[in-house]
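Note that chain A is present in both complexes that follow, paired respectively with chain B and with chain C.
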Partner chain A sequence: MKFLRPALLIASKDLRSEFRTKETLNASFSFALAILVLFSFAFDPDSDMIRQIAGGLLWMVFAFSSALILNRGFAREVPNDCLDTLIASPVSGAQLFLGKTLANYVLLLLVEAVSLPVFGVFYNANWARRLGPLMLVFVLAAWALAVMGTMFSALTVNLRLRELMLPALLYPALVPALMAAIQLTNLLIAGDTVGKEDQIWFRLLAGFDAIFTLLGLALAETVFVG
Partner chain B sequence: MAADSPAVLLEGLWKYFGSFPALRDVSFAVHPGAALALLGRNGAGKTTLLRILGGLSRPDRGKVTILGGATRSASVRARIGLLGHGIGIYDELSALENLTFHARLQGLAEPAKAAHAWLERTGLHAVRDGLAREFSRGMRQRLAVARAFLHEPSLFLLDEPFTALDDRAIAVLQSLLREALARGATVVMSTHQLREALELATDVAMVQKGRVVHSGPRTEAMLADPALLYRTYGEPL
Partner chain C sequence: MRNPILYLFAAVAAVLLAWDLYKVFMVLPDELNQGMIYRIIYFHVPAAMVAFAAFFGSLVASAGYLTTKEMRYDSFSAAAIEVGFVFATVNLVTGSIWGRIIWGIWWTWDARLTSMFVCWLLYAAYLLLRRAIDEPAQRARLSAVLSIFAFTDVVIVWKSIEWWRTQHPGPVLSIRGGGGMAPGMQAPLYWNALALALLATILLVLRMRQEAARREIDSLRRQAYAL
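Right, the complex of A and B next:
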């Protein structure tokens, strides 16, 4: 709890700032909704088509709209040199990293929570048939996006072209997690159960989350202080 | 920390940016209760030195001891008050939210009480619920001063603290620094505002191209002629 308290404090500060300005949430929601609506005109969403594209479409929307949220995570600390004040405080690099990841995670989950019903309406998809496992996929894959995105956002915060650098670094690194999320989402939205041979995708997601969370926590101090 | 040990001890410090040595073999000590003014032209290495002292950067060679410990030790950082070029204030939070957040970050037992007390001391209590982005420049600077002082640090690291301050903020900062020095706190400040700094300083160090070319007590001659050191070491003002 002693380790978590400063992280929660930083996360709640970030969320309070975001809910007050809504600058990234509005941009992220608008982007996600625009893509979902536009693609619904491009495809004829019958049940076979949904089975083939649901996972890819949803995770493409989440991955691209997440860049808007992840870019702001540390960029929020740049004006007035707030990042220096945080690093100079008694909070460790790992606590700062965890706090930022938690705030990004909550925002990503919100975008997913709004986008999924919109997807259901425009694509005539009954996404709630396997709700429990589908939520598990969303929770695990959103953490993968948050933890990886926060790590690269910290690395690129002082770069002039950080808005361009973050996606360039983030998306290739996310390929294993996105592959797993797409496969599982396709299955679950089609109403299928996750068979034994598909359990590997859950294990891949959980392993990805665990490895990169530990890596982020271990490297945070070096990233912030050098 | 032993009573007679220095609050700040630098031994053979080197810092490179690429192949450029920003700090070259810097060594000095600052004793508890002293106020050291770091002088030197822009690019001399003062900010780099203060960033290392504040734990924002690591030296490439040499040893830094702050308040008896390492710069990245949490217990040491809890005793440092940092006021850098940026004010370290969140524009989208209110004055009270900013100070309460920093008080919690510093681990104070009663963060809200400390925040209210420092808003009072810096003359911002009446606007405590106003967003920092709506404040005038002077009010934001006083909020930054309150942020740096609210956990009653034992060591203040101030980078150009008087630059761009309005008269009221300068008066507030000078009075708070005198009070802190009187209770035994140590101050290390880099500055170009020679008169304000020398009035507070007990010691002076002149930094030139990454080296400390002079360090010693602040003399009456320096106070009478603040540009004396610059002329002595051939530095343009």
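Right, the complex of A and C next:
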């Protein structure tokens, strides 16, 4: 609890300042909408096609629109040397990292929660047939996005080419998580149950989350302080 | 390249490569099913071995840098990834040529091909990151962290291939429990791996020296500015 409190404080500070301006959320959500529209030109959105590619489409939308949120996470602290102040404050690197990850996680989940029904309306897809497992996929995969994205945005925050570097680092690193999320989302939106052989994708997601959360917490101090 | 050991390595690598080329092209017969194109395996597989050895070396050196903060670990890590990246490219390109002949396509999104490509992209990102940071200590620190993340990720990517259907030929070497290759055909592959490993070592040492020289020039320049 002692470890968590500062992290939660940082997360709530970030979320409060985000909800006051809503600049990142609005940008990310309208970007997600734009991608959804563009995809409708990439293929003929009939119901058979949707069954096959729903997972891929949704996770492409989330992965791309999340880059906007993840980029802002630390960039927000750069003006007025806020980041230096945070680092100098009696908060460890791991706590700072966890707080930032939590704030990004909430924002990512919000964008996903709004985009999913919009996707359902635009593409005439009945996505709620396996709501429980689908939510589990979203919760796990969004954490993968948040933890990887926060780590890499911490790595790139002081660079000149910050906005350019993050996608180049983030997307290849997310391949295993996105692969699992796409596979499961395809299954669940089609209304199938997750069979025994597909359980492995849940394990992959959970393992990915656990490994990179631990690695991130262990290396955060090094990234921020040195 | 004044170090005599490097000359020795270069000589051994050259002799081994020449002898192997002779064996592979003049002595060994065509393979029963694939014909002559199978010979690409003598470069394809050793290149992958060397690339992964280099990436693993960078992982160890990165951990070494983070614990000791000694710049030579950073030079080693950067040099290993640059050299490994070249060999990974060789692996991808030779594999693609082989696929064109045997499968009739340059590329397929088979799991092993995909994971090698993802690995290549990750280390390309590492090289990009290094270029984007000017301050040496910061560059060393952040790229060491990225190297650790990248290697962990590569292992996960690699593991997940076994859960995805695969089109790539299974292991053929006896060390991987394959045993699908005649011993006479297998030996040149190991010798080639040794030759490429020596070549990679030479490149790595040269690149490390360049990095050390660059650091020295940088620090002299700083001193000059300070004066």
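One rule holds in what follows: the second predicted complex is superposed on the first by the 224 of 226 C-alpha atoms of A that agree within 3 Å, B and C clash if a C-alpha of one lies under 4 Å from a C-alpha of the other, contacts with A are read in each partner's own complex, and residues count from 1 in each chain.
The rule is short, and it goes like this: contacts are C-beta pairs under 8 Å (C-beta built on N, C-alpha and C of every residue); 3 or more make two chains touch, one makes a residue touch a chain.
This one's a predicted model, so the numbers in the text were calculated from it and none came from an experiment.
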Contacts of A:51 with chain B and chain C, given as first, second, both or neither: neither
Partner chain in contact with A:226 - chain B first, chain C second, else both or neither: both
Chain B versus chain C as contact partner of A:155, first or second or both or neither: second
First (chain B), second (chain C), both or neither touched by A:175: second
Which of chain B and chain C A:92 touches, first, second, both or neither: first
Doubly contacted chain A residues - partners chain C and chain B: 226
Sites on chain A touched by chain C in the complex: 151, 155-156, 158-161, 165, 168-169, 172-173, 175-176, 179-180, 200-201, 204, 207-208, 211-212, 215, 219, 222-223, 226
Chain A-facing residues of chain B, complex: 51, 54-58, 72, 74-75, 77-78, 80, 82, 84-93, 97, 101-102, 104-107, 147
Chain A residues within the chain B interface of the complex: 6, 9-10, 13, 16-17, 20-21, 79-82, 84-92, 221, 225-226
In the complex, chain C residues that touch chain A: 66, 114, 118, 121-122, 124-125, 128-129, 132-133, 137-138, 141-142, 144-146, 148-150, 152-153, 156-157, 160, 163-164
